[in-house]
Structure formats: C-alpha cells, structure tokens
Amino acid sequence: MYGFINDYSVIAHPNIMKRMSEINLDQHIGYGFDEICKSARHLLRIKIGNPWARVFFVVGGTQANMSVISSLLKSAEAAVCANTGHIFVHETGAIEATGHRVITIETPDGKLTPAHVEKVLMQYMERPHVVKPKLVYISNSTEIGTFYTRAELKALHDYCKAHNLYFFCDGARMGSALMAEGSDLTLHDFAELTDVFYIGGTKNGALMGEAVIFNDHKLGEDYDMVMKQRGALLAKGWILGLQFYELFKDDLYFDLARHANVMAKKIAAAFKENGIQMLTDSHTNQVFPILTHAQKETLSQKWGFEYWGPVDEEKDAYRFVAAWNTIEEKVDELVKDIANL
Amino acid sequence: MYGFINDYSVIAHPNIMKRMSEINLDQHIGYGFDEICKSARHLLRIKIGNPWARVFFVVGGTQANMSVISSLLKSAEAAVCANTGHIFVHETGAIEATGHRVITIETPDGKLTPAHVEKVLMQYMERPHVVKPKLVYISNSTEIGTFYTRAELKALHDYCKAHNLYFFCDGARMGSALMAEGSDLTLHDFAELTDVFYIGGTKNGALMGEAVIFNDHKLGEDYDMVMKQRGALLAKGWILGLQFYELFKDDLYFDLARHANVMAKKIAAAFKENGIQMLTDSHTNQVFPILTHAQKETLSQKWGFEYWGPVDEEKDAYRFVAAWNTIEEKVDELVKDIANL
Amino acid sequence: MYGFINDYSVIAHPNIMKRMSEINLDQHIGYGFDEICKSARHLLRIKIGNPWARVFFVVGGTQANMSVISSLLKSAEAAVCANTGHIFVHETGAIEATGHRVITIETPDGKLTPAHVEKVLMQYMERPHVVKPKLVYISNSTEIGTFYTRAELKALHDYCKAHNLYFFCDGARMGSALMAEGSDLTLHDFAELTDVFYIGGTKNGALMGEAVIFNDHKLGEDYDMVMKQRGALLAKGWILGLQFYELFKDDLYFDLARHANVMAKKIAAAFKENGIQMLTDSHTNQVFPILTHAQKETLSQKWGFEYWGPVDEEKDAYRFVAAWNTIEEKVDELVKDIANL
Amino acid sequence: MYGFINDYSVIAHPNIMKRMSEINLDQHIGYGFDEICKSARHLLRIKIGNPWARVFFVVGGTQANMSVISSLLKSAEAAVCANTGHIFVHETGAIEATGHRVITIETPDGKLTPAHVEKVLMQYMERPHVVKPKLVYISNSTEIGTFYTRAELKALHDYCKAHNLYFFCDGARMGSALMAEGSDLTLHDFAELTDVFYIGGTKNGALMGEAVIFNDHKLGEDYDMVMKQRGALLAKGWILGLQFYELFKDDLYFDLARHANVMAKKIAAAFKENGIQMLTDSHTNQVFPILTHAQKETLSQKWGFEYWGPVDEEKDAYRFVAAWNTIEEKVDELVKDIANL
C-alpha cells in the first residue's frame, strides 16, 4: 500500500536529516536566539527581498495561524476567510479560542476576492452590535488546490489597504503554489503585498516548522511573546532554523515543490484522460477526483488516499496528494491503475 | 412621531416604578442576596413548577447568553444556533470572546429542528480537527417573530438528551411567544424540556433584567461566579428581583405580552389586507412587512420603525414592534395610514 | 438595624427617581444613541474640560474595568495593580477571563507609585517568556479608603508616558476621593493625567452606572463594540445618561460625596477618640476600625457593617461605609455607641 | 566554551536520531493515529501501571500545561501553583490567555503542601466575587531543583481529593526527579496519585515532546480536541511516539536522568567543598550556587551558565544544569576550576 494521503507522511528530506545528525550534539541556546536561526532569518530576508522583515520559526500551521491572528487582532475584531479556510475547517476553533470570530464566505474555488470581503463588510455594519472584520486570511495554495495570481493578490492587498484591514497569507503549501503552472507569484510579491505570511516547511520537506514573516517591522514587534504564549515556540529553536536554511540555501524548497506538482499533474491527467471529473481545477500538489464507489474500492486496494466529501448519491470526492517525496514509479503505477478503471 | 422601533423604548411598567419609588431608600444587601430576590426566585420556581430550579437575575440578554453559555461549555466545545440567532447576529461576538465557536445553520423561519442539529453533528465529525457541538441555542420567540410549539420543543429536547447536548432557550421575548395565538407552551414546559432558559424582562415591562433559570440544580452550581465574571451581575440586585416579583405575582407579565401581540396582530392584519407581503408569518409582537421605497417613505413620515434587510431591488423588509406599552389609539391610526398606502 | 455595609444599599437619589418617573413612558432609542445620553456626554466633557473626550455609560464597575482593559490590551499584554485592586480581589477573574494577566504589587496603602511599577517592569524583563506589563490600573479612592494627590497622580502619569504604558483609573468612588480632605485633584486632572478613567454612579447616588471617559479620542474609537461584547452596554441606555445628567448638572454628585465623607469622618473620629486603631488612614467614605471580638459583638447588635479581615488573634478589621444617603441622626447614635464601647 | 546553561541544548539522543534516520522515508498517517504512537502509548501504560490511562504526545511543556489546564477548567475556575511555578513564571501568561487565573503561593523550596493550598482556599471564599481554585499544579522536579517524596505527593493527592480539586504534575524534569538521591517515587505513584501528569522528553534526551497522561480515562476523553485547538498537536505525530518508545523500551530515560543527576552532584559538591553557598538544596540536575561577581567572572570565561537572580549586593545566584549529554570530562574540568576559585 502506497500513500497519497497527505504531504506530511514522512519525516524529513535527507539533507535535513543529514545536517541534523552532523550537529546533533552541538550545544545551542534555545528559543531561536541561536546563530543558525539568525542565518536562516537572514537568508529568508534575502529570498523575499525585504531586509526589514521580522522572521520567526514556529512549530506548525495551526500554531502559526493562531499566534499571528491573535497577535494582530484586538477585542471585537474578527478574521475573514473562505468557507474552506483552514482556520475555519480544520483547527478546532483555535481562533475563536483566542476570542475572535472567524467570518466565512462561500467561494467556488477556495479563493477570496475584494468582492467577497466587501460583502462581509456590508454585512457587518450594524455597529456596535457586530464584530469588526479586521483581518483577511487567505491560503496559497488553497485547501482545495487552487492558487492566486499576482493580479488577484494585488487586488486583495489594495482592497485591504484601502479599508484598513490586515492581509495575512497562510503559506502551509506556499511552495506548491509558487511552482504551479500558471503562477506568476514569487516570495517577493508576498513580501510586498501582504502584512504577514508564512512559508510552510512541514508539507514541503521539513520535519516540521513554518517561517512566519512580518513584512512590516513594527507590526511584528511583540509577536515573539504571543508566539510563546500560544504554544508556537519550540525550545530547540535551531532545529527549525536549520531546516529553513537547508531548504532555501540552494532553493531546494522550490525543487521539492516542483516535483510534488509534477507528480500531481500526472495523477490529475490520468483521471481526466479516463473521463473522471475533478472537484477543482488544481495545478498544485493536491488533486480531487470524483469517483464512483466502485472506482474508489478498486483504487483503495492498492493506494492510500483520503475521502474529501460527498458529491451526489453515486459519487464522492477524494483527495490525492503528491509530495516532495512521492516516488515517480509509484505514480506511474497509479496512473496505469487509473487508466484501467 | 410615534415609534414601533422596538420593545424596550420606555423605562418600565408603572407598577414597577411605583414599587421602586416606595422602597427607594430602604437598605438592602447587594448582589441578589436580599429578601426581595429570594421572594422573586421562590415565586418563579412556583410559576415554572420546578422547586429545585436555580434562578438568577441578570442585567440583560447579551449578558445572560454569554454567561450561561460560557458557564456550560468547556474548551473546544461550541454552541449551535439558527443563522438568525441573536448570539450570532447581534452580540458583537460575545460568545466567541469567551472562546467558543458559534455554529450556524440556515433556517427558513429562525427555528431549529433536530434535522438541523443532526446536520451540524455530521459536519463536525472529523475529530480532533473540529470543535465539538455541545449546546443548542434557540430563541422563543425567535428574532424574526416565529415561535415554537410544544411538539417542536420536545423534539429538540429529546434529540439533545439522546446526543448529550445542552439545550438552552433565550427567552428575551418569552412572554410574547407564550401568549402567541397557536402557542401551546407554558413556562412549565421550559422547566421540563430545557436545561437552561431565561425569562426576559427588558422587552416586556421591566426597566431591565432577565431571569435565568437552571432547571437542573447541579448544572447551575457555579453559575453565580461566572455571572459575576462575565458582567451579568448587578450590584443592586434587589432592583431586578423586585421587577420580576411585580411582573409575576399577578401574572402581569402575561397580560403585557398579550397586549403587545394583539397590537402587533392589528398591524400585521392591516398590511396583509392591503396586499403587502410579510417576511415571516409572525404571531408574536414583531411583524416584518415588505415595503416599496414609496410605502416606506410615506409611513416613516409619521411612524418610527426599523429597516430589517433587502428583499429585491424594489422592496425591503422592515420591522414593526409592538410592546406592552404600545398605545392602541396610535395603532389604530397607523392601521389607517397603512390602508391608505 | 441600620447599615453601614456599603454605599450601594438603596436604589437612587430622589432627584433621579423623580426624573425617571417623569419621563417613564417617553420613547427613546436604545444603546445610548438617544438625546439624553448626548446631553449627558456633552455635560461631562465640559465638567472634565476635555471637548474631545469620548464618554460612554456602562452598567457597573466590573463591566467598566473588564471592557476598558480588554479594549486596550493586545495578546500577551498585562495589567498592573495594587494587591488590593478591585480587578484582582473582587471581580472573579474577569480580566483573566479576557485573556490577560493581572500583575499585583504589595502596597501599604492601596496606592501605586512609579517605584512599584518600575519593580514590575524589572520582574518582567525575560522576554519572550513573560507577559508585557502594558496598563497601570489604580482606584481613586482606593478599596481601602485612601486617595491620590495631584503630585502622585502626575508622577504615575509621567512614568506611564515615559514607559509607553496605559494609565487607567477606576473611579467607582471618584466622588468621595475628590471631596476628601486633603485632596487637591479635580476631574480636569483626570482628563489630563490618565488615558481612561471612569466616574462611578452606582456608589454615589445613581441607581447604577459608570461614565467611562477616554481622554484620547483615538484610543476609544472601537470601545463601543467591546462594551457591547463584554456585557457593559445597557439596552435602555438613556436611563444611564439621565442619571449622570442629574448628578452633574448642578454638581449634586459632589454634594453627595461630601456628605458621605463628612459622615465617615464622624465615625472615624469616634473610633479614634475611643482609642480604637484604624487599619488605614482614610479620609474618604470608608473607614476600617480594628475591633476586639467584644466590641464587634456590641456594635453589631444595632448596626450593620462588614468584616474586612484578620489582624491578630484578638482583633479583626471591619469596614464602615458612609454613603450619600447616610442619615446623620443614625451616625450620631452610632458615635455614641462607639463612645460607650 | 562548554555549556551548563540548560538541559535542552542539543538535538537528541543518538538512539533517537538513528531510529529517525532508519524510518525517515516510511509513510505514516498524521496526528498520532499511527502504529508507532500506539506502541509507545501501550508501553507507557505498562511503565506507569495503569492500563486505562489515556496517553498523548505533545510538542512541548508550555503546550502541555496550557492544553491540559484549559481542558480541565471551566469558566471562573483557577489553577494554584508555587510562585516559582513554570506556568506563572515562564510561559508568557499562557494559562491566563485561556481565561483562567493562576493563583500563586510563596514557598521556600518551590514545593506545595496541603497547608499552602488550604491557605488559598481560605483566601478565595468570598463567592461570587472570587474565582474558584480548582486545580493544583506542581512540578517534579521543581523549577529550583527540589523534588517531592511519596508522602508529600500523597498528602497533596489526598487533600485534592477531599476538596474536589484536580491534581496535575508538570513532569518536564520527571526523570531527574525520580532518579534523585532520596526520591522514593516511581511512575506508578504518579499514575496513582495525580489526575494528570506528564513525562518530559525535551529535557531528557528527546528532540522534543512530552507524554501527557490522564490517569482517569473519562477525564481525558476530549483532550484530543483541546490539544489540537491549543497548538499542542504535531502533524507528524509518530516522531513523538518514536522518541518515547526509544526512551522507555529499555529504560534509557532513567539512565539518562541518572547521568544528569550524577554530573550535577559533582558540580554541587565542588561548590560546597569550596564553601560556596547554594540557593536550594538540590539533588536533581539543576544546581544554584551563589557567587560573587569575581567568581562569576572567572567561571564564565570558560563555562556557560545562567544568571538566576539577585541575592545581595555582592552576590547573585546562578544556575548550572547538567543533562543526559553532559560530558564527564568537562564536569571534572569545571570541578577543578571551582576548586581554584
């Protein structure tokens, strides 16, 4: 049984394991004050083209979302996201647990537009009886495999600036988004067009960890404390710094993401060629075929993948995820099995 | 200009003002430990037919909702309500500010059914990535003027028991609901069929205050502290007890609610007779005609009423509220003006 | 039995009851948007000498403290107060329930000095492992009857400005403080020397309510929503506005406070003349004699007063509170009984 | 420069690194549902002698404390700890951020007794104006190197049972405590005498992670969701399970802790032999010599150690921590340097 269940099913890229083994017994000070984190922060500032950015390494995505959002919002302020947004769907109410409403909007493709946000602002006008929408949360790539273009990101950025809203991008799958066919975005754009974003390590080669980046130096000045308070800080911080250094020093991060996308594309193509409909038009590392019960049964005898949700009485959507570590031979075998459905 | 804007637009029923004036300078101990509150609690226990109930007097509806819900829920537990629910729509995220998600369901009439709750339970199964729906919140009457029957309340009660959910009823407009034509519910039913409910004073003759009732003695054992913590406790508690005593000793509460309903019925009838459509089929003290811009302009020259929401390009819904203090002559005059539209 | 238990033991000053009765059935819009509140806000801005101040009327002291502090603090920020501070001692953890630590300092007299705050700042330096002290909370008069001088207030103000701390004064007993013998402070000083303060109504003639004043217009721009969210907003807001208008239009507020102080002074003098030690050197409306068990027994047969805390094996401290409504004849009788101890 | 700064200054024990490397690219499902975690949970249940215990692996100590405490407490309930308690001193108000007060008591040695807790209960009696102390938090070993005996632990357990309090032990340094000279406790005792405790990995050989154990199956039934909500859940959960399996399958955990204690004892002995006073009488892996400025200067030229706090004008306390990885030759060298002071 080979798995396409998710992109965090193995420990870490061999380079990372190797480097960790090499320095395993070297002493470092904790909490990210070490020299490795310093180098990694420096490297990332260069990669994103923002020398003033504040860079923090946190344990994982939920911790990143919860700590960033709670550091930005004041009482009675709320976050806005797509109804597929990770903070709404898969984080056990972590944002609400910090005291803030998550306002959701239905979107066809998991992406927000200024029109969506505008609609929310219109719905939340009856002050003081309603919360104040104050932060726009997007994911790139989204939870359903779509990604933003530069024009789309800029439109949201401009809308947020004009309406005094924070703009935050969850980049748990940033690599896959940036390497997607048709993507015209780079990390520089995120440094320019968001207030805060993060670069996900967990789902693209790291053992764990996300790099949270406050583009505005001032905005992130107290985030270190919130990060600790909300459970996002790792005692052995240099382990996180080390990973981002390894992933970015030679752009391994992008190579890994590209591989995942290429593998996913093969899978998606196989489904499409066999006339199987897809839930979303994904060009990233997640694809969502809509399968009959029989098709699902056949494939699940050899392959691991996840149930996503119901479509109609005869069909359900499933998720196949390719990752940096997905083995091409396995993909080719899966492709044959799909063709034989 | 005479107002049908809401049911809390004057200070208090004259009996209450009179009684307050009589005892104005009598000394009482604070925080509801006084003899008047004791008597009022005793009276309400009799009125609801539950000698073991715990009765508390709180400042207002938001304070009641927030303190009750936060006293019942533990971390990662959520409240479920209709998408028109007061806790979701008009309380500035007060529940989320206590750390709990409010899960909403679209309903045609502001009322929940077991099927609605079931749908939520099905959506929140992917443990541990989702919150645990744990409390069902309803309003009676609802925010859009509808009310529950005994069979409907019992069905929800039974579903909640079977699924280990708390069942809580916001009774800010309980009087109007119980006195509605077609209602077969009494306070005894709420004592029997809910875990916690409250009887609203603010909107039915009191200067302010709601009587929160925990039907299960055990369930409310620490509510006194939560009530204080969440801003629901009044220092001069006897003022609240006094009001509920006045409202219930001779069932004035029900008389006042009946009057409001009768007045609202006249107004609704006038709209219907003139061929004007209503947003909801209300038999309580709130009615929601759908008016053209011209109709709205005409009526608003003499009468106060509230914009409720858009219907289509030519029409909007408005809210007319009758109250315990609504003057019949004014209603008759309004009825004529409606007929002349 | 006549009570000196607290200063909120009767409903309201007759002027207020009279005015409420006069307008009892007049219709007003809710939530403080009415004309009476507008006038009262205007009046208070004049009385404090700050035309730009934002003035809000809230239900009570706990609600004021909790809503103001939670509106000012961000995640990982904390409030600092004396170990006798009301927010620490008597509000059931309301501040912590909004997510913020309350840091306390032992003080001999319930008052803070810059040296106290400095000590806290020194203790909370080990960033990011500690919260950030960000708001200094004082009470005037304090919970143990002492009050601040202008020089003391100014010193705290200057320290807070220099260290980027908010400075907030709980004025639940502001009247008594300002009218105290030896006080050189006026409301103008609080407008000048604090960021936010409030003028307590509940304990000085009002049925209930406190006037929260943000001296910096910008600082209070979203307080209206937090006030609603935290249970501090009264639906029938004009009842609060009416009271502050009555209390301040002819400076009744100060007359009432002066009376309370004069009565308290008589009581304190009686104790002192009889050689009874006082817990604190109070010049406000609360006095704290240290009584033997026998003395306590004797007085408690005729008079109501509160146990405050243990002193030694033979003696305890008690609290006698005089109020705006304290009857001088009763005080004179108490004075005799004290003399006869 | 060799460091005695803390016990989490290197990545992980070589056995763990080796095992991680061996299975690096094996696929596992996430969030602790994997087979390795299952085995590790099974192993720990055996090691503690409680087949019904619920065992969870979390990211670190702050996350463990915050998630456990917030899963147990309801609104208006508080945790009680020593004034040196980690949750009070070093976690940036994480507990308060979940809405609960942390009540502290001064203790001479960082340990709580029933008398301490009793004192808190007496101070928090004025219901409903105060929070309800509901959970007793201890650390073993404590933050200042002391540890509990079985009699002490039992006394606290019995007191908590009798007073309906939860009893929770932070075991970030459980290994060192159990291996301390004079300790008569085993993991079985913690399974028997606490409601919840955890076994710390981060500070005793693991790359990271703590094993949280709910001794009462029922008590931990919803902890999985709280763990996710509060940022304690690791996506690649099997990495945590793997470590605890490695540490406990052959009792490596205890060997590592014993080594740390032996090394610390050598250091402490050196100080004492040289007439240097210690802040606490520690038999665990942390020792706290009180050094003159000159002594500190001399040692710090070759050795890393941490400033702990002021003692008098001439001396300060410092912390030397020995760990599982502390090199004996380095200790011997340090011992010589101490002798030469």
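By written order: A, B, C and D. Residues from 1 in each chain.
To be clear about the criterion, a residue touches a chain if its C-beta (ideal position, glycine included) is under 8 Å from a C-beta of that chain, and two chains touch if they have at least 3 such contacts.
Worth saying up front: this structure is predicted, and the values here are computed from it rather than measured.
Note on connectivity: the fewest steps through touching chains from subunit A to subunit C is 1.
Ranked by distance of CA centroids from subunit D, the top chain is B. We define each chain's centre as the mean of its Cα atoms; on that basis subunit A and subunit D are separated by 33 Å.
Rounded to a whole number, the gap between the C-alpha centres of subunit A and subunit B is 42 angstrom. Averaging C-alpha coordinates per chain places the centre of subunit B 50 Å away from that of subunit D. For subunit D, residues that reach two or more other chains under the stated contact definition are 75-76, 91-93, 97-99, 128-131, 225-226, 228-230, 233.
Those residues of subunit A that touch subunit C in the shared complex are 31, 70-71, 74-77, 98-99, 127-132, 222, 224-230, 233. Residues of subunit D touching subunit C in their complex: 75-76, 78, 89-93, 96-102, 126, 128-131. Residues 2-3, 5-6, 8-12, 14, 17, 20-21, 23-30, 59-63, 66-67, 91-94, 97-98, 202, 207-208, 225-226, 228-236, 239, 304, 325 of subunit C are the ones touching subunit B in the complex.
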